[in-house]
Amino acid sequence: MDKVTFRRAKVLENREVAPGIFLLRVEGDHSARPGQFYMLRAWELDPPLSRPLSVFDLDPSGVSFLYKVRGRGTRLLSRLSPGDELAALGPLGNGWKGVEGRVALVGGGLGIAPLLLSAKSVPEADVYLGFPGKPYLVEEFRKVAEKVYVTSETGEGGERGLVSDLFSPEGYDACFACGPLGMLKEVAKKCREAGVPLYVSLEERMACGLGACLGCTVPTKGGPRRVCKDGPVFLAEEPCWDG
Amino acid sequence: MVDLSVEVGGLRLKNPVIAAAGTFGFGTEYARLYDVGLLGGICTKGLTLKPRPGNPPPRLWETPCGLLNSIGLENPGVEAFLQEELPRMRGLGTAVIANIWGETPEEYRELAERLSRSDVDAIELNLSCPNVPGGKIRGGVPEEVARIVGLCRRVCEKPLWVKLPPEGDVLEAAQAAERAGADAVTASNTFRALAIDIEKGRPAFAGRIGGLSGPAIKPIALRVVYELVQKLKLPVIGCGGITSWQDALEFIMAGAHAVQVGTGNFIDPLCIPKIVRGLADWLAGRGMEDLEGVRGCAH
Amino acid sequence: MVDLSVEVGGLRLKNPVIAAAGTFGFGTEYARLYDVGLLGGICTKGLTLKPRPGNPPPRLWETPCGLLNSIGLENPGVEAFLQEELPRMRGLGTAVIANIWGETPEEYRELAERLSRSDVDAIELNLSCPNVPGGKIRGGVPEEVARIVGLCRRVCEKPLWVKLPPEGDVLEAAQAAERAGADAVTASNTFRALAIDIEKGRPAFAGRIGGLSGPAIKPIALRVVYELVQKLKLPVIGCGGITSWQDALEFIMAGAHAVQVGTGNFIDPLCIPKIVRGLADWLAGRGMEDLEGVRGCAH
Amino acid sequence: MDKVTFRRAKVLENREVAPGIFLLRVEGDHSARPGQFYMLRAWELDPPLSRPLSVFDLDPSGVSFLYKVRGRGTRLLSRLSPGDELAALGPLGNGWKGVEGRVALVGGGLGIAPLLLSAKSVPEADVYLGFPGKPYLVEEFRKVAEKVYVTSETGEGGERGLVSDLFSPEGYDACFACGPLGMLKEVAKKCREAGVPLYVSLEERMACGLGACLGCTVPTKGGPRRVCKDGPVFLAEEPCWDG
């Protein structure tokens, strides 16, 4: 079992890379496998819970996260400036162990966050990125993967449409997908039909992040599973999706 | 030298700060983060006779300085606990208190009997879970408390703690527990509370009502402890909204023999060892050797 | 066009957002800041027969997302209210609800009788002040509620609202108020709670127990309203921790006819007009004309 | 009755002028009489209450406050940087109406905060400032008052001792004192003996700041009085001091 730490850390960078979307880089000697996440907080008692964010990237000086401002917690995170402190618990979750052979990494919206680390660690990975509007950080992916396919619902900076429409599992040995439920279901359908194993990263509200509180449990074919500890990465056929 | 150890309800603890049931799993999860042997004790997730899958998501909902939960007592059942979890828990170097929940008084008795023959250090009867649909037990009702505690007492050699809800006739329920042979009272569990998801126009949880915990409830939980201590002979274990040594000290000054920390673990996962250290430092700074001198001083 | 007006307990309000008793003085104080004619109504500071000096300082103590108070019903007495405050309040352009408190049932009757002959729009019986030492009335006890409401009803022509504590047999107390002729129920007042000043090792307040209000209590207050609405025919006025239009909407979706905002005024002094505007905008955004369609939708 | 506003305002400056003591300058068209205060907040729901701070100075671009970090609220204020926003309710309180003739302004510790504005508005004012350690902002006072007496408990930068010991009310027509209770009592005793009217500024916990909640009421000879509205400035003989 990996060692987990809870530490205060200095913000190195918190840059708005697209409207409402921030790249946060935090100082320190952090580690993580692809698909793992940290619980972050930069406030005292309110809101009580920390916010789970996937590790976007690791470098010798720190760890970075890519997040969208959705509610109160992410809004508070977005107000951090370099030099400010936050507290980070992690790395958490099983992460994605990667597989042999040709792999497709499919991300929709903020679902692209856990894919960069995967692209870095899987030798033969193709990347499929879907954006609602103008794409961002595509260059980061191009640095580490040969083939990077980009879609955009508006058609700006990529093929117009949805990434789940563009993507085809043919020829891959495994896929890893991350994004909104609709997209995951669509990708799952294609992979099932093509007989390609698909891993997905799930999201659930979390309190402890460590597997202790059972707040993030989801029903799966094998019984209740904790997204924070048994996941967040599951084989697509495991969770009981409503639909 | 400061000595934080305390005898509470038939059990000697190395310090008075205990992880509250349901927030600390079976201890091993937090052991990845720090040495949980620093704790006074760990209350297990609430155990039932049979495994329970718990409630559908969402199970958590934030409120101002508070946390609503609707876990629904997901747990592997008492047998799996005894076989798989307890041996590992025993290796953690701290007291193990088995928190149990029955659908009927007889189920409580059966659980208490089974655990009494095991290696746990104490048993805590959860008479107060707000979010189990089948939950017919009302821990705030003295007659029901008396019945359950009496049944368990007869089959249980271990220290028997009774965890009450913060609502209802708490004092009378506690006195009923006292008369029926309990060794200590834990006050309290969560408050019955509600959140509505205004996007959906529906309660946030499938089971509608959830249990409110966290800093928000601290002043009410503290009042409950203060009032119980005035009337009870049994030691009281304070619980509700504790996140700092200052909070813990408030409960001790209100007369609590020990405290439990639940939601505090989510706010700061290192919360309990910090509280233990904070209490020791505070005592040392005043030249005091133990908590005896301050316990109940606010009465 | 959105119409927020609502009929609640015999009184037509221009909108359902009322300033809660004791937090808005007699309205004139906040009139220096904004046009309080925007409010649905104002509940006065609790009035008693004789002037009361209230409790010694400190009277306020902060808790996580909550406020403990121990004002002790300081007020100029009903006669001074009628002569000095009421004429000014009448000029503010909103409904005036006189909040009253008696040491005995007879005092409530006398106050209700006196105010019934005055220019106020409604009378709210405060059956639930947690921090008056002489306070023998327990609003959570159905028999006492029935007695007081019955006495007042006989002498009072005005709409009669009954404000309950959030604890005790709230449902039975509310039903007792209903049977005794109340026009609406306000749920709820503050929670009995405690803070200890650890520097002194003493309770923060001279009167020890205070009343907890503010965002911290919202999920419990909301649950109380939700449960009352299921069983009561009377309209329920929701109160407890409301600071935003989203909070107000939760209470309305739980079935409240109107809401009261207390501590929210301290957190954001422009809170009430913002809530009124927020509700109107939300309805307009959904193409709805009034709140009828959402009231109670979460049941 | 003065008009009161509640507004968001930008921080222009928040400078530590002595260890744990900050000078906060806030943008906007603010007004205040000497002794008046604002309720400030720079957080959401927790802590619920705003913090009362006396107006230290006014200038065309804004208003400034001098405060000491005591607990949670002032610690949160101390973290504000230029450009950050806070919310301010004010000006509040009766303030000090000033008087004819020669006036002594006596401040101990943070009690010096309301005196600068007084010194600016009273033509014949002498200023007595008491500090626990090294004095700060004395220059500001020298700019507006001819005589500025400074004490320091350590002797650094001023006469060693307490300002209440140094101060003598002889020859003044009125005094205005502000500071810890012990100092106020001492100054009050001297003024009573000399027959010089003394005004003091009181502090109490406040919720509304407007006179509505009765949270800040103190007993006075004339009955209960609200520090926020009937004060914070009172004639020294009015409050029932415990002692």
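Chains here go by letter, A, B, C and D, matching the order in which they are written, and residues are numbered from 1 within each.
Quick note on the criterion: a residue touches a chain if its C-beta (ideal position, glycine included) is under 8 Å from a C-beta of that chain, and two chains touch if they have at least 3 such contacts.
Computed from a predicted model, the values in this text were never measured in an experiment.
Visitor: Stepping chain to touching chain, what's the minimum from chain A to chain C?
Guide: Between chain A and chain C, the shortest chain-hopping route counts 1.
Visitor: State the chain with the largest centre-to-centre distance from chain A, centres being mean CA positions.
Guide: Relative to chain A, the chain whose C-alpha centre sits farthest away is D.
Visitor: With chain centres defined as C-alpha means, what is the inter-centre distance between chain A and chain D in Å?
Guide: For chain A versus chain D, the centre distance works out to 52 Å.
Visitor: Just curious, how far off is chain B from chain A if you go by their C-alpha centres, in Å?
Guide: A distance of 35 Å separates the two centres.
Visitor: When the C-alpha atoms of chain B and chain C are each averaged to a single point, how far apart are the two points in Å?
Guide: 34
Visitor: Taking each residue of chain C in turn, which ones touch at least two of the other chains?
Guide: Expected reply: 64-66, 214-215.
Visitor: Which positions in chain A are in touch with at least two other chains?
Guide: 45-46
Visitor: Chain touch graph shape: choose line, ring, star, complete or other and state it.
Guide: Graph shape, chains as nodes and touching pairs as edges: complete.
Visitor: Within their complex, state which residues of chain B touch chain C.
Guide: The contact residues of chain B facing chain C are 63-66, 68, 167, 191-196, 198, 201-203, 208-210, 212, 214-220, 222-223, 226, 241, 246, 249-250, 253-254, 294, 297-298.
Visitor: Mind pulling up the chain A residues that touch chain D in the complex?
Guide: Against chain D, chain A makes touches at 44-46, 72, 81.
Visitor: Give every residue of chain C touching chain A within the complex, in rising order.
Guide: Chain C residues touching chain A: 64-65.
Visitor: Over in the complex, which chain A residues touch chain C? Could you list them?
Guide: Going by the criterion above, the answer is residues 45-46.
Visitor: Which of the residues in chain D come into contact with chain C in the complex?
Guide: 1-6, 45-50, 87, 89, 204-208, 210-219, 223-224, 229
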